[in-house]
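The structure under discussion is supplied below as structure tokens; questions concerning it will follow.
Labels run A, B, C, D, E and F following the written order; every chain starts at residue 1.
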């Protein structure tokens, strides 16, 4: 069930029955020459909707399509928000959900940047410290990476390309690029995109919708399990 | 063109050609017994996409589905953000767009609450005061109301119901309600929903998809005109 | 009773008897070629003092002579504060009054700018949501406008000129100007004063102290009624 | 010249001639059994107006009647604002005055609490560090205390009582009290009013309007000298 | 006992026995040609450690070596933090100590700048207003000045030089300077160091480690007394 | 060179010669039954001082002994600051160093918590984005972990115990504990210390000062290399 398609009354009834809410957090970020700017939005939204279909009384909140960016902040098409705005956003939405009576919340972030994840974690921790609620939070990117464990695969790489080929094949463009993450050691960078000379990291030449489906299925099962195990 | 479906390179090229960006701002808010919680999201997103189809080099940024709420804040299904978070959100996204090279921006808000509009206005004014950019901002709700001018019609009323019947007929439920706005004078209310005993305001019994289409067409034309007149 | 003329002991006694406090909020703002910069301060202060004379145990807090400005912010003589400062100011003063034992508060704003009103509303709502207090808030400018209903009359127009002719005739200068509000559509303006080419809006040629008195009397009665009806 | 009595045009002309602005900062604070709550407002406003009369092109901004309080914060009739609000207020008003073209500003505070003074100082320092302006800031209470140098005289004491007897004799009530400041060492107090068991400090039995006039005359001369010496 | 040398278990036991914690606040600030930048850190840390040795169950928290600066902010070697950061720092540490079960806290500041002291005071007051804790706060500089009462002695003067000669004689360099505080009246200064043409104030030619020891012994006794009297 | 032992003049000269500043960031945090609360302070301070001895014109700023904590925040002896305070602290100190003329800065954090590191990173990134400065930032804990690569070794484990046995052997207490990190999946924890049932993670039975020295030497060499490679 998508919350934006429910009426107020539908929502009230779902709360009474002890609904779990999934909040998908997306991003609008440059993802190499081949993937759409909404890559980090499409993935968690897709996962959330499939989890909701497969599990009882799981509601999907509207996806937030803006996140916090560091490496890609200056690359064309990246449109984001600051650390503080993201933290405030998550805090506000959690407080609204809790005020509405929700006691089990899953936050799935498509983007997995360190500061982005930290902003969300800080918001969740502060809320959990004050309110009676169970919150699980993770990036579906990280779950996918753990499963696939492809060496040197990263931003816009084999895993993400395959997943988008499964979810939105119409949006993957041209040839399948190869890119290498170029470390700059411990220097704090003015423009982090220098670490991605090709705009992405990994070898996407073997990406297929079949592999993407395998990954997406795995992530959907993993999230379902988190709901059953961690949130009960 | 939806920005989330473009690649980084697509976006760069559109900027070089002087693209205009429409940022639709939605909300997740109780809209009476008959309308979906995403009512204020579906309307500006629909308008933005149709304006983009009809005008050259107009891009649609991902819709933000959370806004600031006063009257409906305690009603089941309303999920929002604070004044300060909304203002920070708009400021951040505007700064990103400007850094990307965008010089013409239209913000369309589906929700028209006074404080919600004020938060967005304050963000726009501060940005316009410092940066070289032209921004138009309005609520498509207000444009629709000015056109239709139906007495006592308001939140979830005849106009909104008709518009959603045109855009997402599958989401309008049950009977067509009648509701009356009940003023509480100048008292600052702890719970503003007492002004909406029926959860909405207006007489929706005559709502039709045809009337909705007429309104939506009008709004699309009005926005196109704003882009041509105010932003050039 | 003006609070600044009372001793601590006077105030304590008034609180015990259930005093109502009026907090007049003024502004220092350009008001055309003919009206003084304190126009928005003199009006609510005058109203507050007359309401206090005519009603039992109504105290007038010292008038705050600075508000938030948008349109007139760059015009000579406008001296104001930001949205956040105004909101914080109102919040602080309300909290002090409540801590002192006051349970009925009327805030009258002389300035009626949208963001100015919103800042005060946001402060009031937050306080009302947490504390046991009744607050009425409005602009005496709006009450006067509703009563008089003069077409195209606005900032520094017929109504304001007449009211100041009644309250401080010594401060109205030279000829009676005519000005037209010039709309700029939905564009967010860098300098809102372009909407007021003559620095004011309306036709003041028929302004008289008699009409001003009539309006002021009406406003005083309206505020007295709000205290009796809304705050009890 | 009081700014609130000037028109926009009057103000513009004064700026062109290089006007100095005095910003009087008052307070609403319990001042013992005999003095009015506006004691700290009446004094700097009186000084500012007399300095303006005696010096060329000196303008008096509207007095701000709320300050920051520590010792008296819980005593009936004290109505104040927080440290941050006061600092923001002074910052905003200074920025407006500078934007208007003012280059010489005198801030006179009636209240002399340490944190109150610090909030104003911090605002002034930040502005002076960024903008081309000369600002003098002091409390007329401190100038009066240095001149009179009465032992153990303080809040609501001989000096303040005499000054108010000169300025607003109608507002000094009943007998002339005697009070002793009771130190609590280095302990941070929850309620600082325990240091003022009588609500004031000093022996007011010898207070006279003549002595008050002598002090007020001295302060007015001192401020005139500051304008001539420090601000040129 | 230094807290940084204790284990978690040591600390828990000390809390159970009702430990008092001393939090020494230092600074890194230019102190004339002869004294080290850590002058304001070494003094309160030394005092705190000696008080802890001489009193039962007194723990010394790690010294904070950065404070807020005004006069010396632009002089080489001054490294500080803002008013707001210092206030937040003290607030956070106090809240941690209280959450840990500490109910008696002494804050000793080596630096005695007015705004620096105010930031700490504001933090302490806010905490004391909400939590069940006794806090004493002072500058050991002020205690030393009251005892010695040397005319025109100040920053980096006879008292501080003698104290550092007692505590860290290896760090006092070259000749003993003489400096004069040069008042700039009530003008808010862009660079406060103009008041210290020699970088310090006082006549240090008679400074000796013996005098320093005398002062330090006095301060240690005074702090011990504050713990016994004010905090019990 | 320790900055707190230098005079203002020493510092000025070092800046002219192009000094590099190391800012060690410590923490006061429970580190198991055997290690002192200052474990995360002693390590980076020791590294910083040895790097300064071995390299030309490298200055050590005073160590900041408080950091941000999540897992250990409720354990006895942990005394920390919030995310925002830490970020503000680092921002302020960096701005002071840059204003002083420093253009090469190394920040070494003893504590390596994710949010703690993120707060520092966010501060560094914002400063680097605006100012002409090179900043390297890392945790010496992470550098030590990469070198040693001991499985399941973590907070208060074999590496940290050995390092402290080298640096401050007097402070390591009792038996050498064994502890296991207990994952709680993706659940956001109210009290993160449940992941450390023994208060630490790793098997410290083989810890020796010799191993600690080996690690510390490695870290010192690694930091020296970062200064030579990344900062030039």
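Throughout what follows, a residue touches a chain if its C-beta (ideal position, glycine included) is under 8 Å from a C-beta of that chain, and two chains touch if they have at least 3 such contacts.
As the structure is a computational prediction, the values presented were derived from the model and not from experiment.
Enquirer: Applying the document's contact definition, name the chain pair with more C-beta pairs in contact, C-D or D-E.
Expert: Output for the comparison: C-D.
Enquirer: In terms of contact pairs by residue number, which of C-D, A-F or E-F shares over half with B-C?
Expert: A-F
Enquirer: Please tell me the distance, in whole Å, between the geometric centres of chain C and chain F computed from their C-alpha atoms.
Expert: Between these chains, centre-to-centre, one finds 56 Å.
Enquirer: Distance between chain A and chain B based on Cα centroids, please, to the nearest Å.
Expert: Roughly 25 Å separates the two chain centres.
Enquirer: Using Cα averages as centroids, what's the distance between chain B and chain F in whole Å?
Expert: Their C-alpha centroids are separated by 49 Å.
Enquirer: Going round the ring from chain A and on to chain B first, in what order do the chains come?
Expert: A, B, C, D, E, F
Enquirer: Where on chain D is chain C touching in the complex?
Expert: Within the complex, chain D contacts chain C at residues 2-12, 15, 26, 28, 30-38, 41-42, 61-66, 74-82, 84-85, 88-89, 92-93, 96-97, 99-101, 171, 173, 199.
Enquirer: Tell me, which parts of chain F touch chain A in their complex?
Expert: Checking each residue of chain F against chain A gives 70, 83, 114-115, 118, 121-122, 124-125, 128-129, 134-138, 184-190, 226, 229-231.
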